[in-house]
Each structure stands twice: as C-alpha cells, then as structure tokens.
C-alpha cells in the first residue's frame, strides 16, 4: 500500500516546527507503524536528509517509550494499543496520516516526535513508592491480600508511563497516570501506612506540571492498558482525606 | 594485561555457609563514612535500580546514568513469565538445594557452584522485598501468594504478576530508587549514555558519558563503577530485546581490560512469532507456558502448501512428541529451538515465508473447551492476533526461535567485580550464574539478587580502603585522555557519509551471526564468519552513512556507535564458539552431537569458563580459563527422551 | 505595626488559585513550606477545587430541582404560584423572622455560585497554561458535547441567570415586561414569557442548562470520589434522568405560556 505521511519536524526545543509531507510506498500491511517510520527514515538517510526522530524501545507495548499522536488520536486509531503495536493494516492504501508529538506544556518537544516526559518521574519521586529499605521486609506471606484487592491494585499498576493520558487530555492533565500509581499502592495493605502523605505529595507535585481533570474520559480511551478513570475518583477521595488527615503537619 | 589472574574469590568451606562466612569476612564501612564514597551505576534495569536504591539507603552517594528518558524503560520491564524462589509454599519438596541443583543442571554444568547456591538462598529475600514494595504478585483466594511451575521445572516455585512480572518488579525497584532521588541520595542522569570507563593505575575511577540531547561529553569520577547494562542479543539484529539494548558498556569495559566470559553462550527462545516481512525490526516472544497446552507440528512433506486445517492427521509430524516421547512438547528451550530449526531447514517450515512451525491448540480446545484455554492464554492469543492478524483459536499459531538472553558477559568474581578493580558488573551484563543455559524465571531472580543483596555488601569491602580519599578529580589526565579518544571516535562516526544505512549493516551483521553462531555452530561456519566479519566491519566504516551532527539528538549516531561494538563482539562470539569444542546448553557445535542429534559435552576439557582479554584485534583475543569444580553435584548428561 | 493585606492578582492566585506549571527538568520541591488552614490548603489544589465544584454543584442542582418543582405550581393557576412565593418568604416563621430563611438560602446560593465560578475560572486558567494546542487535527474519542462545552454553557447560563433575576425578581426593564409588579409572580411570569423572543431565550437557556448539568451531575461523582462498582453504572443514568427532568419541567413553562395553556 502507499501512504502519504504528514510528519511533524522540529529541530530542537526552540525551533518553531512544521509539518512535512512524505510519500511512503510499498508499505506492507504486516508492518508495524514504527517499522513504516523506520523504512521512511532509511530512505531519508540515503537521500541525504535527516531521519525523523522518534522514541521507541521494546516494541511490544510494555516499556512505554513510544507514543505519538496519529490522526489526532494518542497512539492512533486502535483501542488498547500502544503505537509500537499498531500495524499498517489499520490503514488503507492511499490514506494520509498525520503524526505529531505528544503536546503539553510539561512535555517539551525535544526533536521531531520526541518529547520530555520527566515530569512523570518527579511525581513518582514525590511519593510513588512504599518505604521499605532493602533487607527490612517481613516474610512475604505474613500479610495476606484479598485476591480481588490484589487484582484491582494490579489493574492500576499496569500503567506503562507512556503519557498518552496527558496527550489525549484537552487539559493536559496527568490524573490517570498519577491515580494509577496512587491507587496501586494505596489499595495494598503494604502501602497503607503512607497512604495519605503519598496521596498529598503526588497530587501536589502533579499539579505543578499538569492541568486539572474535567472528566472527559479521553485518558481512559487513549490508555494502551485501559486503566479505568475509577482510579481517578479513588485518588480524589483519598486526597480529601489526606488534606484532612495531614492538617497541621509541617 | 597478561599479569591478570582469574581469582574467583570463591569462599572456602561448605556451600551452605559460604555466603554467610564471606559476608562476615568482608570489611564494613562505618555508616557515617558511607556518605564520603561515591558510586556510579550505569543502567537502571532490575540490577541497576535495585543496586542504586540499596546503596543509597546504606548512605553511599550514588549517580545513576541511563540512556532512556526515564529509568523505568529498561528492558527488564518486558520479562513476562515470573521469578523463581525456593519458598516451598506449595509443599512440593522445593528447597534452596533443589533450586541450586536445577539451576546448575539447567546451565549444563558450566556455572560456579558457590554463586548459584547464593542465588538460590537469596531468592527467598527477593520475594519478601518485592512483596513489601507492593509488587502485585498473583494471589490465592486466601490472600497468600500463588505459584506456578514454569519452564519444565518439577516444582511450582515461580511467582508471577499476570504476564508482566518483569514490569512489576522493575517498577518496584524503580520506585525504591525514585524515593532516593527524591531524598537527594541518588542523582539521576537520563538520556545520558555511558561511553567509556576511565582507569587510573589499573583501577576504575570514573566514566565518560555523552548527553544524547546536546552531544556534550562529560567526565564523572567515583570510588567504584557498577555496570548493569543487560545483554547483547541485539547482535543478531532480530531478537526479542528492545531496540536500544546494546553491548557498548560492557564491551568498552572489555576493551579497557575487563575479561569477557563465555560470549558464545546465548539463549534462543523457542516460542516467538516468526518475522513477517523484510523490515521486521524485532521479534515478539510468546510465553513459554503456551507449550503446556499447544502441540508443535509441521507438515510431514516439505512441499505441503495446504492451509493447516486441511492437512490431515497422518500428514502431520508432531516431531517433538515423536523424538522426545517422555517430555514431548515440554523439552527445554535449547532442545525445542534446535528441533524447530532442523524442521525449517529441512523445508518443513510453515507460513508464507516458510519460517515457522505450528503450535496448535485444537486438541486442547477439544479436550478442555475454548473457555478454559482462553482463561489461561487469552492475553497471549490476543497479542498474537494483534501482530499477525490470525486467530490462534481457529488456526494454529506459527512460532520460531529467536535470540532472547545472553548468559555470557563480563567475567566477575564472587564479589561481582570484574578483572578491573573497582569495576563491577551485575545482572545479565555479567556471566555469573546461568552457565551455558538459563532456566525460565531465573533472569529476574539474578538481577535482583545482585542488586539488592550481593553488591551492597561486597562493594564496601573494596571502597573501604579509600576512606579519606576523594575520588580522582575529573581534571585528571586520565579523564582528559579518555574524553579526547571519545571525541575523536564520535567525529569519525559523524564523518561517515557512505551510501548504506547503519540499520542495513546491522541487519547484515545479524544474519551472519545468526547463521554461523546462532542455534547451531560448526567449525566451518565459524571460520567463514571470522574471515567475513572483519571485511564487513571495514565496509561498514567506509560505506555507512551517519547523517546529522553531534550537537543535538542524533539517533543514527547512537546506533552507529553501538553497532561498532556489536561488530567486535560478534567476532569474539565466533572465536569463543570455535574454541569451545563441545556442545553444551545454548552452545551447539554440530561436530559434537550424538547420532540422534543430541548435544555432547566434553567435561574433561571444558568444565571451564573461557575468559577473553582484549588484545586490540577482535579476532584474536587472549584466553584465560577458570576451571570449574563440582564438589556438591554430579555431572550428568541431560536427557529428555 | 499593622501589616496591610494587599495581594496582587498573581499572589491571590498562588493562595487560592493555581500556581504556574514549573519545568520538570529538576526534581520538584516536595515539602510544602507553610501550611495554611486545611480548607485553604485543600482549595488551593486543583483536585480540591474540583471537589468544591462538586459540592457546590450538588447545592445548585438541589436549587435547580426545587426551583423547577416550585415553578410547576404555575399549572395549578388560581394564584397558587403567588402563594408559593409568599410561603417561601415566610419559611420557618415564626421560628425565625420573615424572609430570614429565604435570605439565608439566597446567601448560601450566592456563595455556592461564586465558589463554583471562581473554581471553574481558575481551573480554566490552569488548564490553558498546562495545555499546548495540537497543530494537526484532534479526534476526541469519547469526550461528550456536554463535557467539552462546560465553560461556554456555564458562562451563558450565568448570564441568563442575571437576565432571569432582572426579569422576574428585580423587575428591571427592559428585561422585565411592562407592568411588572412585586409579588405578582404569576402575572409577571406570563407577561414576560408572552414576549416571543424571551420565550425562545428561556427555552434555549434551559437546554444549555440541561447540557451543563448533564455533565455536572455525572462528573461530580468522579470529582467527589464516588466510583464504587456497585453504583457506578447508575451515575450516567442519574445524570440523564436528572437533566431531562429539569429541562422538560422548565421548558414546558414558556411553551405553555406561548401556547396559551397558562395565563
């Protein structure tokens, strides 16, 4: 199949950037979307042009490195699919595909389709952990965790940190990312001691970088791991309790 | 370098007490003094993140470097199956001794007894630690941890988090490290690639790194350097490893004098999805657990082009069940992989490119019902469908082996120190625990054991002697020299303006290594590779094209620098494979097999570790051998018939 | 010496509004230096503001519902609507003096409105700063028309509310009809809605109100943190039923006046 690709090109953070159009011919339907970009990049290189920079790593949908806006959708048209797992059979011969980097004030464009998502690390550093120094852990089976709680915690923990939730949100909110980690840890008995301090710190840090939730639900629809916005509700509830609980604390 | 002796520092005395005794003999650093020591950790996967977190908790100053945009991307995240531990929660007769024995045997008797025993012991602590961190392991309805049996083990000792165990364990370690970053104990450098280790008076005193966004080259000094940079399966171009996995860190250390052990010990995973097109960028692994219910077959006649469901029973060859009646479809990874290769090479391959074998669930669906199969494998079935657009409930899956893990790596002693004092290697980057073949669900175990529980003790013994000594300043001539060499190397790469792409050369290198030093190797093929690879490398230097500059993000430049190291490694692998005149584990030499095609070890000659030293010529490294002694287990021949 | 409290706009926003997004390159200062009383701390955050919007939203929904039900008395004719208005002025009398309860309720409503509007405005500013527009097309997957237009439906409904008060409560011309008389609620209403353009305005404004509260009535569960699986599926249903009831009840009145069923 033949594809017309409108790709965002930007030389660096201070460059204005613009769309450029490329014809990609003889695309196989079995190619992944990123392999189509690989093929185009090899051609550009041989033509003496600079290849399109994009992030990707595991190419099996688990590392969260890849992610671009494809025809206005984060990770493209297929639900529950990261960009690397999107195949060209999702498109038709002759299609024009527009590719753009994730956009948010906190996600600075580094080059072409590559953005800086380090704000996510700052949120985790603020409280996305259980304080347990190596060696101090008790016997693993000492604390039973009801199966359904463990399963729900896992649903939240499945987050791959790709940033699609922010990219898809009209407010550039990172509620789904933050809520998934807050909920994963708050749900487990191991994480309950730090529940309120964690929630407060993570949410407060999140709000230094990102917008607020207006309950559009776009994040859930874009999430390659289909994490539910119910976790956002859970985080909101814990945040009220946290502010009450932590009142007067230095 | 010739003066270097391989002292494994294996503690004397009974195996069960070795680690305890050794720990007691190690020098301790006073808690108040730990903050005077600086340690550099390269890589942020299971081994790197766990080591960095633990060292920082102990009070050391830690700098972590990763070329990823965040530490959580490391390829440990893609491990699916699980992590072994000798908890014996199932009361099925598991024990530290049994896990030790299984690992030694699985490694085909090419690993160190003391290291493996320690690994089995520490497996218990890892599960405790990970559970306390909130890693959501699978649980029973009673709320206690669930186990499954994995990779042909006779006991159920594998802990798992759905099909994402690696992800959850990595996030646990990443979060522990993030806590230390927040506390200011760990300094994190993202999108910063390790380029070389700096030596002064023979010991590692720091690193030179390159900022991938600005191209800036900087030096960082420390009392010790820890490499946790994973394996080198991407030498084959097509592997299950992530796109950016590379050998650069350990190869550069090797060039500076660290011995590289057993480079030819690579593992080929039997159940991956075959390549679909010429521009395939990587292969996707399907969990081995599929072989519990799937039957492997090929058309009995090589030119049978009928669709699978039109091929009647008697025209099918269930070759694993035929050749290995006792284990059938559950033979170990290396055996299953080689059998598949033999079938495809003999023209029995299936699919449009005739590059796979069938893994068929029809009988299991008939016996247990589609729902039961879906409950076990639905996520895998869905993944397969997503990639191939075929329905594995209807038609059989097509699978083929793919490079997956490398047992070889930097030679380390019992303390995980390489032959360069002050330079450590952890996890897949070292060679230590898996011998010639790794058991399923043991990679996560080793990475975390090294990072959480081994290095934090052993590193103190080394740095203790530098109390009151600041790290060598980066103004030192040793740093300047290394930086200059690197700058020259980078500008050399940037001046490559040939007519072929870097990826094109990588694909070509991969094909050569796969054909001659992949699932089976022969003297003839290895010689062919060894005469061809230097030419190909030369071609690469003359004909490859690296566009762009060195002052901004340049992904082609990154690839080209890594590919140089893969070229040299490929030669070392072939040299090692040629030297090892036996078949063991993942290393199968066609000259050393039984008439039935089974591997034949040479225990007389090769109960050794081959440690190679850099000489300047990648096809002529110099060899030191570390003899392996087996005082606690008996060497037996693996048989799965 | 007494310090005068003078805040610049930006300072006011740092206390009650949202601070600017900072660069993520350096680790965030995690500790909050000075803690203010917890309601202030809470309201300073975006999650807190959404919570306040949810609570004030409930109060406003309650008012809208009561207002709609009360207005339906217009169908009884016979001065029933006027008596109802009179009754509201004497609520809880003689426990409290006349009109005190009404004023308490009005005060509460005004506070709820102001908080609702302040929170919305300040979150809108935050979101504007946090967001960077896509240069290519956007293809929203699930966001409803209601959720995407909350800001505009909210602003228009607020402006309409002022018109509505001027028309029927304060009797300010030209909003109010000729001959507006205090206390003659039903007559004023009929006179006002008999003007064709005004009737259309009321219908349109109530449709917008319906759209606004449709998203609000669903969204508040999310903002307040109620998403338990046992009642989650009722949230959408509740929002649909509630907004439909309000729209049908309210829109029926101008239509009834216009078609001559009332008045």
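In order of appearance the chains are A, B and C, and numbering begins at 1 in each one.
Heads up, the rule we're going with is that a contact is a pair of C-beta atoms (placed from the backbone, for glycine too) under 8 Å apart; a residue touches a chain by one contact, two chains touch by 3 or more.
Nothing here was measured: the structure is a model prediction, and the numbers come from that model.
J.: Would you kindly say which chain has the C-alpha centre located farthest from the C-alpha centre of chain C?
T.: The most remote chain is B.
J.: Just to be sure I understand: the centre of a chain is the mean of its C-alpha atoms, right? Then which chain's centre is nearest the mean of all of them?
T.: Nearest to the common C-alpha centre lies chain A.
J.: How many Å are there between the centre of chain A and the centre of chain C, using C-alpha atoms for each centre?
T.: 34
J.: Please work out the Cα centroid separation of chain B and chain C, and write it as a whole number of Å.
T.: 60
J.: Taking each chain's centre as its mean C-alpha position, how far apart are chain A and chain B in Å?
T.: 27
J.: If I count partner chains per residue in chain C, which residues reach a count of at least 2?
T.: 27, 30
J.: Show the residues in chain B shared as contacts by 2 or more other chains, in ascending order.
T.: 181-182
J.: Touching two or more other chains, which residues of chain A qualify?
T.: Within chain A, the residues that touch at least two other chains are 116, 118, 121, 125-127.
J.: Using the touch definition from the top, list the residues of chain A that touch chain C in their complex.
T.: Residues 6, 8, 17, 19, 69, 71-73, 98, 100, 103-107, 116, 118-119, 121-122, 125-127, 168, 170-173, 201, 203-205, 207-218, 220-222, 229-230, 232-240, 243-244, 246-250 of chain A touch chain C in their complex.
J.: In their complex, what parts of chain C are in touch with chain A?
T.: Residue list for chain C touching chain A: 18-19, 21-22, 24-25, 27-28, 30, 32, 35, 37-38, 41-42, 45-51, 123, 126-127, 129-144, 147-148, 150, 215, 218-219, 221-227, 229, 232.
J.: What residues on chain A touch chain B, complex-wise?
T.: Checking each residue of chain A against chain B gives 11-12, 28-32, 34-35, 38-39, 42, 45-46, 48-51, 53, 55-60, 62-65, 81, 85, 87, 89, 110-111, 114, 116-118, 120-121, 124-141, 143-147, 150, 153-154, 157-158, 160-161, 184-185, 188, 190-191.
J.: Touching chain A in the complex: which residues of chain B?
T.: Those in contact with chain A are residues 50, 53-54, 57, 68-73, 75, 77-78, 87, 89, 125, 127-134, 136-145, 161-162, 164, 167-168, 171, 174-176, 178-179, 181-182, 188, 190, 213, 242-244, 276-277, 279-282, 284-285, 383, 386-389, 452-453, 456, 499-501, 503-504, 545, 547-548, 552-553, 555-556.
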